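Same chain, two partners: subunit A is paired with subunit B first, then with subunit C.
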Partner chain A sequence: MTPIHLGNNSDATSTSSKSSSNHTQDRNQWPHGFLPKEQFPAFIDLLNQSFDEVIGPRVDQGAIVYDAIRSASELPHGWTDVQSPGVYRLERKSSIDDSRTDHSCEEEYFGYNVGPHSWKKYLFPPLTTLMKSKKTTDGWQMEMTAEPIKRRVLLGVRACELAAIAIQDKVFLTSGTVDPIYQTRRNHLLIIAVNCTQAASTCFCTSMNSGPECRSGFDLAMTELSDGFLVEVGSDAGQTIFESLKLRTVTTDEIDRGRTRRARAVEQITKRMNTDGIRDRLLSQLENPHWNDIASRCLSCANCTMVCPTCFCSSVDEVHALTDDEIVRQRRWDSCFNVDISHLSGGPVRDTIRSRYRQWLTHKLATWIDQFDTSGCVGCGRCITWCPVGIDLTKEVATLCEESS
Partner chain B sequence: MKSKPKIAIIKFASCDGCQLTLLDAEDELLAIADAVDLAHFAEASSRLDAGPYDVAIVEGSITTEEDRLRLLRLRQECRWMVTIGACATSGGIQALRNFADHEEFIRAVYATPETIHSLATSTPIASHVRVDFELRGCPVDKSQLLEVLSSLIAGHRPRTSTESVCQPCKRKGTVCVVVAQGIPCLGPITQSGCGSICPAFDRGCYGCFGPTVQPNMAGHSQGVLLPRMSERDAVNLLRGFNAAAPSFQQESVRLWQITQTRDSTR
Partner chain C sequence: MTIAPSLSPVPQQGSWQSHPAEIVSILEEIETVSTYRMRFRDPELARSYRFKAGQFNMLYVPGCGEVAISHSGPPDSDTGDFLHTIRVVGRVTEAIRALEVGETLGVRGPFGNPWPLETYRGRGFDVFLVAGGLGLAPLRPVVYQLLKERDHYGRIGLLIGARSPSMLLYSEEIRAWESSGIEIQRTVDRADQDWHGSVGTVPLLIDRLRGVRLDRTAMFVCGPEVMMHYSAQSAIRLGLDPSAIWVSMERNMQCGFGHCGHCQWGSLFLCKDGPVVRWDSAFSKMRVRDL
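This part shows the complex of A and B:
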């Protein structure tokens, strides 16, 4: 098989915005094809042969998580999930009685909503060794740790997740400082997006203008039908794979069925957040007494920031050996909900749950815009589902800004 | 501390599990023995040098008058005092007596109650003397204990995180047992350090490392525990290895009073 070159079009530093704008303009000029379900396992095998690692959805620990996928049989075929604030339940698709859909009992590979993991763990790893230093007779010797390059496929990336990756591209690549770990991992990525054909009760991507349809930022995008996948090309790397698959062109009927299914996701999204002037509206409410009400429920446990696909805080620690002649510098995910993160001379700046929740929410939805020229929220709903006490930011924003939600 | 610090490991009322954690550090034990002067470590050596010590590493809680006096003497003999484990930092599982009639316990358990001379409460070391650093856990975590020892050798304050158990859970990719399985869990209000072991085995956190810095106890009971268990069960969950940690204690007492008020109005 022809080697697939990821370098040019996946070089996120220079081309992510370019390729996305190209793609939006010339969307229909990229080829579309039909991948029958029978050929799908061979497609996963092909990806595994061509890349070091294929990361995709699989059932584990009572949820659909992202992990290495070696064959199509490991995908969550026939599984789905039911979500609400603070609650996630894995279900067999056939057990869901959903009269709104034509294919309620049908077994799909991607018939689920976004789960507890996000792709961020592959680009901005939870724990990384940055440097090692050793004391020698010539003094301290520093050694930067370069991780082995892995060419990864991210399989099943949803529209809100593409938007989250685009936001983290800004944070880690194009807003001044370049993070070399993120950059290397990002440049060796093939993104296979999947259009949502359903939505969870916690989804609100339509309010954040980030989905549910994948419009840019992917190499290939697929829409799952009962008998196969509509495959759409989004980049040269995607084109190379597309050509090797030798797919037949799609029929008008298949295009219509795909459109109907994507529309179903839009119909199922009922959660809304009013984003008009949200920056100024939120920042005018800094002394609203409702922050105290939220603080009585919020545990400051940081789950929301850990599951958020855009949260990027980390802390760096030096861990030294007992012998005091070897030091390892480690970076790990941190959170604005930790008291220590704002610890300056004299103590923590944000010493109450109220101040920490306010910091998180106003940064995510308001001051993020000042910082990165985009909202920090993509409407994936993870912080709602995975909050152990079920705090729903869309409701809190509505109350803070006194809207009837 | 540049010369070899003279260290004593001293125990009060405890199960010895935290000291065992040090013996469990097999790979590092030789380096430890090389870097410090282990002057008193009864579990490992018959050498039991008298004080003064640079550092006393203290395990166990104060449950007898005799131990209380021994602790006061020890404090005068050591420059720094580091307490390790739930017993030493919050009173341990034996602090369950704090919630009950201690005399009644003695009468029920011992054949000759008159020979038992114990205090009515089990209290942490810091309730009696100044403690320089407290290391939580039941038992303490090996790598945190090594961090404490290596900090003593290097001469800086130990770097142990005060974040919640949820954060190592998330970094490991453990799916939240509260949200995905409806299991009650003390993780959101418990300090990390154990490596978030229990949720990785489909169990809720038992709170072995005690409360976080600013735990929202009432919010946790309301949002995590009580939708999934009775007040009585929540009281039992909070009254574990850190039952007498102040925020766990206040919350278990509050929940207990709710059950009492309800029972009396029935």
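This part shows the complex of A and C:
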């Protein structure tokens, strides 16, 4: 296969209206095709030839993380994860005895849930340089730094993660001021979503109306079957790639098998959060004594905010060269759990864990709605799994709000 | 490729860009407080820069960091100069104090919601400004504008509180305002032997106001949070509607445009939804401890 050229994407805004309208079209207008498993490695090679970087899942340090993928052999084939509050464990899929389905022992490329990473780190980098200052005889000179443009493929984006990207789009692009770093990275992405065919015990996307099926916001979406992938087009760019793959059309049987697998994910989701009127219910509980109970368990470690695909707080550090006449400003992820984030000359505003946890939870589920007209939570369950003491926000919300009724 | 949604019309970009500005002059006001006159080095920027009363800049000392400081000078300066009255309270303000006339620092801005003068202008409103301590600095641009557009407003009052007579900011200039027809009242927490005025907190001055036209009065309050809280309470006891009272909130501000998350106060990003907030919105949040 020859590399795909998607045209000049440097002026993305010129095509934005066209492309965004695509997402609102009836999905059935876009073509569907079948990519046999034997052809999948060549597909990954093609993506690598056509883009600067293909980011996808791989096993690293005992977890499935997102990193550069150069060949299909680097994908977590046959691996899955088992998650519960405070627990994440990788297992070979074949070792799991699950009598619920016929397919559970199959070796899949995408047979896992979500890991500690989110795609956030490719759009809103954990550490990035903003500006450089240089001291001259005529005072300080200051200039913004621009990073080289990279055309990236995000491979294996889940429905909850598409929802998270849509939320960060609101934060960094359409809330009044555009973050140029986010915008540039965002406009040079090819998003290949992969539908979930299973769920972890920590998943609750059905409560947040963000999954498990990918409905919009992707260029291509795939559903993994035992012998291949159902491929669905979601944009013009996706269409270009789809055409170059020369896939055969899907059979009714394949469509049914895909539907069955996607339904399996829905069935496996057991965690629920009642989101009816959650904004008002939570904001009426700001003085609930249960915050103290949570604070007695919470370590204020900030893990939940680091793994959250929508958390966006950041701070800026001054980085000196060896001499003091060249200074770089670096933005890094920060967290509302860090006491310094609310620092004022008189001391921090939120100097208790109670107030910091309350800020996080009420922001995520309540005030976020005021700010961005959407919840800040997509139900991915990362904050539950990666909390070292296993705090489960769905349970805390239930306790906080139940005491009011 | 999935194309990111774009904002229309042209969105503000590159807001982290700080621009070198020169310190033109420094005026020591009171102990640890000085007013800096600044001007952008870039002549085009100096010419085009505009701000509104109540807005702030992020002042940047490379290698040390940024600090949010309100404008304290006239909003419509023809010279391109702008003023910041700064108290030394921490690392960055300490570094600013070490700067001399002719030296440069970085400036980004202006940011934030201004005082809502446009809401009241030309409608025969009386305006009372209530300042506690350094809270007079963000209100000084309002005084300049009120004086410039004197005919568009009714009665103008300025109630000032300070810890002691020597901590009264802009005292000479205030005498000039007094003779220009602004009603001025001062109070101090602790008097000295030369003080013949009121002793006590600012809300007491509000309690003593007479002849306030309740449906035709706006009040702008700036100072420590507890002072603003009690001042607003006094104004409401007097009969003012909460929607006619405005306060200027202080929180840790880093980006200035609602992206970094530091300044959140309930659903507000105070850097862009504030710092000026209407009392009916501020009240419920101020009652919650550590919000």
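Just so it is clear, the second predicted complex is superposed on the first by the 375 of 405 C-alpha atoms of A that agree within 3 Å, B and C clash if a C-alpha of one lies under 4 Å from a C-alpha of the other, contacts with A are read in each partner's own complex, and residues count from 1 in each chain.
We adopt the following convention: contacts are C-beta pairs under 8 Å (C-beta built on N, C-alpha and C of every residue); 3 or more make two chains touch, one makes a residue touch a chain.
None of the values given here were measured: they were computed from a predicted structure.
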| item | value |
| --- | --- |
| Contacts of A:88 with subunit B and subunit C, given as first, second, both or neither | first |
| Contacts of A:116 with subunit B and subunit C, given as first, second, both or neither | first |
| Partner chain(s) touched by A:256 [first = subunit B, second = subunit C, both, neither] | neither |
| Partner chain(s) touched by A:227 [first = subunit B, second = subunit C, both, neither] | neither |
| Which of subunit B and subunit C A:169 touches, first, second, both or neither | second |
| First, second, both or neither for A:296, with subunit B first and subunit C second | first |
| Partner chain(s) touched by A:52 [first = subunit B, second = subunit C, both, neither] | neither |
| First (subunit B), second (subunit C), both or neither touched by A:352 | both |
| Most subunit A residues touched (candidates subunit B, subunit C) | C |
| First, second, both or neither for A:135, with subunit B first and subunit C second | second |
| Common ground on subunit A, meaning residues reached by subunit C in one complex and by subunit B in the other | 320, 324, 334, 351-352 |
| Partner subunit B, residues of subunit A touching it in the complex | 60-63, 65, 86-90, 116-117, 121, 126-127, 295-303, 306-307, 317, 319-324, 332-335, 338-340, 351-353, 385-390 |
| Subunit A-touching residues of subunit C, taken from the complex the two chains share | 1-7, 11-20, 22, 41, 62-66, 89-90, 103-106, 250-252, 254-255, 257-262, 264, 266-267, 269, 272, 288-291 |
| Subunit B residues touching subunit A - in the complex, by the definition given at the top | 28, 31-32, 34-35, 146-147, 149-150, 153-154, 159, 161-164, 166-167, 170-176, 178-182, 185, 187-189, 202, 212-216, 218-220, 222-224 |
| Residues on subunit A engaged by subunit C in the complex (per definition of touch) | 6, 9, 12-13, 15-16, 19-20, 23, 130-131, 133, 135, 139-144, 169, 171-180, 183, 186-191, 217-219, 234-235, 237, 286-287, 312-316, 318, 320, 324, 327, 329, 331, 334, 336, 341-345, 349-352, 354-355, 359, 363, 366-367, 370-371 |
